[in-house]
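My structure is below; once you've seen it, I'll send some questions.
Letters A, B, C, D, E and F mark the chains in the order given here, with residues in each chain numbered from 1 onward.
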Amino acid sequence: MKKVEAVIRHFKLEDVKNALTEQGIHGMTITEVRGFGRQKGHKETYRGTEYTVDFVPKVKMEIVCADSQLSLTVDTILKAAQTGQIGDGKIFVTDLKDVIRIRTGEIGEDAL
Amino acid sequence: MDTRRVVMGGMVSLCLLWPASVMRADDSNQGEATVTAEVSAGDNAWMMVSSALVLFMTAPGLAMFYSGLVRRKNVLGVIMQCLFLMGIMSIVWSLWGYSLAFGGDGNVRPWIGNGEHLFLHSIQLNKGIGPIYTGLSIPELTFMLFQGMFFIITPALICGAFAERMKFSTMVVFSVLWGTLVYCPLCHWVWDGGFLAYGSKNAIQGGALDFAGGTVVHISSGVSALICAIVMGRRLGYGTEDMRPHNLTYTTLGAAMLWVGWFGFNAGSAGAANFLATNAMVVTHLSASSGAVAWAFMEWVLRGKPSVLGTASGAVAGLVCITPASGYVQPMPALVMGLLAGIVCYFACSSLKSTFRYDDSLDAFGVHGVGGTLGALLTGVFATTAVNPLAADGLFYNQDTGGQLLAGQATAAGITIAFAAVASFILLKILDATMGLRVSQQGELQGLDLSEHGEEGYILN
Amino acid sequence: MDTRRVVMGGMVSLCLLWPASVMRADDSNQGEATVTAEVSAGDNAWMMVSSALVLFMTAPGLAMFYSGLVRRKNVLGVIMQCLFLMGIMSIVWSLWGYSLAFGGDGNVRPWIGNGEHLFLHSIQLNKGIGPIYTGLSIPELTFMLFQGMFFIITPALICGAFAERMKFSTMVVFSVLWGTLVYCPLCHWVWDGGFLAYGSKNAIQGGALDFAGGTVVHISSGVSALICAIVMGRRLGYGTEDMRPHNLTYTTLGAAMLWVGWFGFNAGSAGAANFLATNAMVVTHLSASSGAVAWAFMEWVLRGKPSVLGTASGAVAGLVCITPASGYVQPMPALVMGLLAGIVCYFACSSLKSTFRYDDSLDAFGVHGVGGTLGALLTGVFATTAVNPLAADGLFYNQDTGGQLLAGQATAAGITIAFAAVASFILLKILDATMGLRVSQQGELQGLDLSEHGEEGYILN
Amino acid sequence: MDTRRVVMGGMVSLCLLWPASVMRADDSNQGEATVTAEVSAGDNAWMMVSSALVLFMTAPGLAMFYSGLVRRKNVLGVIMQCLFLMGIMSIVWSLWGYSLAFGGDGNVRPWIGNGEHLFLHSIQLNKGIGPIYTGLSIPELTFMLFQGMFFIITPALICGAFAERMKFSTMVVFSVLWGTLVYCPLCHWVWDGGFLAYGSKNAIQGGALDFAGGTVVHISSGVSALICAIVMGRRLGYGTEDMRPHNLTYTTLGAAMLWVGWFGFNAGSAGAANFLATNAMVVTHLSASSGAVAWAFMEWVLRGKPSVLGTASGAVAGLVCITPASGYVQPMPALVMGLLAGIVCYFACSSLKSTFRYDDSLDAFGVHGVGGTLGALLTGVFATTAVNPLAADGLFYNQDTGGQLLAGQATAAGITIAFAAVASFILLKILDATMGLRVSQQGELQGLDLSEHGEEGYILN
Amino acid sequence: MKKVEAVIRHFKLEDVKNALTEQGIHGMTITEVRGFGRQKGHKETYRGTEYTVDFVPKVKMEIVCADSQLSLTVDTILKAAQTGQIGDGKIFVTDLKDVIRIRTGEIGEDAL
Amino acid sequence: MKKVEAVIRHFKLEDVKNALTEQGIHGMTITEVRGFGRQKGHKETYRGTEYTVDFVPKVKMEIVCADSQLSLTVDTILKAAQTGQIGDGKIFVTDLKDVIRIRTGEIGEDAL
């Protein structure tokens, strides 16, 4: 099994979620994160004191899926999250040892 | 422990009730001295409302204005300072503060009040008001309460300078001492016929016009704030860490509350719901308006965007500046005063601070010290007898009387600055040596909410 | 559906307008009964302001004070209770509440008012005020409105006890019934010349002094709150889960608003902007001050840190305690009353609750029940005719009259406690059997904002 | 740059001071025209309080009510609009707005005021008030200030329609133009004896009763808001993205503040602390109450749950609806008016908007436009001379006078609607072509707090 | 070493933490997340506009443990977090290359 | 490729970020977390009711880097985040299967 982590833009969240569910991918967990990369932050000035805000708010999406679903998942995210502007984000893929569903104790792909 | 508690409680009670019983016994004697003027319901209503409004300024007003400007971990620390000062300063005021400020006749005792009003002893049954304020048709208790609200907010303003790092216990002691040793004398000098009061027998340079507290409240607190900022030193991480205001919605809502409450502050200083009160209210509103717009425009022109913090700060600057003048100037000059306050305080906050690199965390000096001084001087320019026959015509209207007035204003401002600075400095040095001024480094990192009060401001998950 | 709607709407409209047309027809008759005293602009201004201040106490004041104390998921539920009660209780008050409370002459009808003021019928054109309050120079409508604000906040105070678990529908029915069956009679007993009113013909033990609602408002709501907490049972996870206040900034800002609003509550109870109002305002302020400081010091001594929640709670305790006494006591005794309130309520909230393990979520009993009872008793100690010639000298000043007064105070407090407790218990049992008191377990876990109202308080990402 | 600054500052100062010096010179002449009636302290106190309350409505009231309804990223943008309008509109009002609205005699100049009050020139020393309002015993400056607060809140209400997308600079220009070209004439027509004023010589259809601003404030702003929503187009992502209110605690607390402040708005419109003020305050309170309950019940019946947003919206709808009627109707009809307002505005916000799919972001039209029109019409139904002898009996009491009155009300409402719609449309089109109405798409996505003001509302980590 | 990630219900956090510490597992990091899966969200209505809220608030717990502790950790969480209702959450297990304690620079199991 | 996760103290965030960028590591994603470990929490008392707050606020930093950059990254964090006091936090290293840049679809080290 694989864990797909995608850091995306906030306003793409709804689109990505819908695209994924349309593809039959029905589970995910999201986290508010702040990212730093090529996309520049911005400056804020408070009574003349200037702050450079480097971190940009992003959403991280974690999706665990069977190996067979990996490319579907990645492709779907890629398509739905892309704007072509710097700051669209990244997708990270990790190997997963195991998944367990807490409610039933089911293990592996059954747990998804 | 338990017995200690009981004993303690008993002693405190005794302390407070002793005057109560004394004063009771004295009633017969006091009876004679009692002022029995007619209470005007309209004036008394207005002064009670004004008192409520000035309390409203400290909290929620100032508490929100200031607490929004600190980091999340210090939000309660700031609110606590305002709230606790509402308690402790009121107690002090009723026990001895009012007497030191308004006891005795300033023409006779130009330096400090006497003990005649200790524990409010002598005024609590007065249906009218004492000799200095004979024109007023409100009970002296109303006057005492209204003035007591100023005694709360003035030290609360100073808190802006040492926010996010001062020990709470030291803050309390400092405020009580500062109130007693700095505020009360100043108040007596300016408002109880002392040596800075306009028209007082002992007045230096003719004394100064200060309708609602340019010198007494804003210069004194603003300058003391600067001294605090310097003596205490900068916050850890100042200049490198992210110290953005954690909740500008509070700050701006608080500014709006200050604006509303300030009507009580300035128009209440008329002591009645008369034409003078109306004039004070109108010019207060206009000065706040042009201050807000001016600061925003400064940012717009110089930085490309008007900010809401700037607009709020400008409004407060305008309010501060008009305070000493509000019973003496007309609407159009008030617009000008607000405008100048917005511009001058903008530079004070953005350039002055960064040039000299003191950490006046919430710009108590930049707004109140600078704005208050500006207002004191401009009062000498725009005051007019058309509004207030007890005043003099300022420089804009009459070179002679105006020059004289302006000199008086400048002198009073200078003396206030010097006195507040020196007294605050000495107080702080003593407290530093005895109690310590700052929380521990670890406490500062953790935030004052946890380290000083064991609480968190927001638990949002 | 649509026709049902129309019919429903029509019926409601008829109900409300029937009296309107009746009353219109009656105008000629009513004309004679109309009281036509002169309205004093000053007094009326003050009473309108006071009415606004008391409404301000319920929301934003109490709404913020209480809502900050619950967990995030219930923040709207609490605000909703305050806001909805502002609506529903005002309607009830105008339809029948005012009449039950202030209808008829309490000397003649000591138990409950009559129907003379139903739908405000008989008073809406009165330029003056009826026989019981003949001294006042305000329209009876002003008096009705001011009293109506008390009718809102009293049940709202109870909400503190069952916060985070009560069904909204049951809360509404409970409040309407409680207002009608508990508040209105009590109000009639104490304030409309009924059998607990000081100086009333039918007064038990001479009756009790209750200037602004020690018995009527605070004891009644506080005791009912305790019954609610006990009958409803504890919140799920009480004692194990994290139930820290989710937003102490709201709680403390709300406390400050309560403080400001309380000036209307107590000083407004003078019914005029006279010396008595001033006295009430001053002692209110001082009691709040020493209450705040006392509670904070208790924590400081016993736990090492003064907390901002403690300071805020102490201020409210001081305000509660001075409420019945505010028209009868002098400044220094007020400081003592606040001090005692801070200490006693501190122990009530921290020890009593944990000892008996009832879940009075927001300490409605610990502050209002305990503080109100303390205030009622201390009124018997510190009341003085020097402030209010209509009162009697309390125990501190005169053993004879004081003993008698204290007995009357204690009796009234006892009767209020018993009555509120029994009536609330019966009401709750009936509602439990019919509508159910608590939300479902799932609803409680999810939070009342979502389960009862389908909304979220904060969406901050 | 520096010289530019100096020159700019100098010019602005000159502009403002020129009238100051002129007016000074004129004092002698003006002296004669000065109205020197007696100031009633009670009335003046009440009107100063009312002015403060109406300012309090704009901020913190409306600022919280509105800002809670937008997404987090636009919270400061909304507060900024309110705060900045407090500044800029007050300046405009003092320079020319008051003169255009209340200059000259509407019987003689039915369309627009004249220049007599430019720069407040002619009224700043008046201890009494001019010919149109001769009954009042307050200084004209008080009246000017009170009316000036309406000049702030009216454009601020419109902001609800274009929230989250309008350019700040354009908003400022629009508000100044709208205030000058729409509000001032309307105000003159209805309240300064113009052609819509009840009983004016030039009145169309006998003119309309509008006690506190049904046409002038609510219809005008509500209709203009609708035009804004339509001309500006919908927000990006409207209908698909998550646009839930980010902070309903602000919205509901703001609604409570509006409720409290509205007492000043309506009861202050009596111009005195008399019986009429009391009546206005009582009916205002009752209409808000039944509005709140009605909207909540609609949701309860139709959707299963009463919401706190609904309750708050219903209260505001009730307040809007009673506004024009508050000096003419009695308590029970007020309950009915609130009830109808709650129901009608509920449908306006939930059905109308979704049917026609305009994006009136915060329902400025649904509440103020619809509620204001409803109120204007119902004034024609429930007005009664029993409350106000200067009015006429409405349809509910008298078919003849009522029919006539209702026709006048409908005509005035119609004219206001048409005028506000057309004028706003033209203004917006011109601004669209010159300055542009909307922020860039990127700015809208980022949020107005950052893109327009370079600040963030909350920094909570 | 292993990283155990468990997405659980908020009100189970305290229980799970206590169960883990009782078993001698003394380190963890938690994050506020929002989940999407079988458990349905809810509807919210604001002035007649309806929003479907699909994401449900959850807590994610990350526990790094020695391989030998894995099954103990997983079992403990399973038991403490279970309610049997849909939405109890999942446990994900990943292989970890390395752990370092910042304070001391210790590496591997010593760093836990 | 590797994913480096570092749980650090809030007030070290700026230092660590600067140290990393100085070393040429220009991408990262951070999350607000709460940690539990050796560092004790604190007690809070609300009207006499005492709560023990076990979880301490921390920041989690995720940095994906090429294998060759791993030790540089870890060392840099170690140095910048250390105070020597209990609670400095941990660094976890995981193997990453893949990285994709959403904007361009680039894969692997190019995506960083």
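As a working rule, a contact is a pair of C-beta atoms (placed from the backbone, for glycine too) under 8 Å apart; a residue touches a chain by one contact, two chains touch by 3 or more.
Nothing here was measured: the structure is a model prediction, and the numbers come from that model.
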Count of contact steps on the shortest path from chain A to chain D: 1
Pair of chains joined by more contacts [C-beta pairs], C-E or C-F: C-F
Centroid spacing, where centroids are CA-atom means, of chain B and chain D in whole angstrom: 33
Centre distance in Å when chain A and chain F are each reduced to the mean of their C-alpha atoms: 18
Residues of chain F engaged with two or more neighbouring chains: 31-32, 44-46, 94-95
Numbers and ranges of chain B residues touching at least 2 other chains: 40-43, 45-46, 49, 242, 244-245, 303, 307, 309, 454-456, 458, 460-461
Parts of chain D lying in touch with chain A, wherever the complex brings them together: 237, 240-242, 445, 450, 454-456
Parts of chain D lying in touch with chain C, wherever the complex brings them together: 40-43, 45-46, 49, 53, 71-72, 242, 244-249, 252-253, 255-257, 259-260, 263-264, 267, 272-275, 277-279, 281-282, 285-286, 288-293, 296, 303, 305-309, 311-312, 314-315, 330-333, 335-336, 339, 343, 384, 386-387, 396-397, 458, 460
Complex contacts: residues of chain C adjacent to chain D: 9, 12-13, 16-17, 19-21, 23-24, 27, 39-46, 48-49, 51-52, 55-56, 58-60, 63-64, 67, 75-76, 79-80, 82-84, 86-88, 90-91, 94, 119-120, 124-125, 127, 138-139, 141-142, 144-145, 148, 168, 250, 452-461
Footprint of chain B on chain A - complex, ascending: 44-49, 51
Chain E residues within the chain C interface of the complex: 11, 14, 42-46
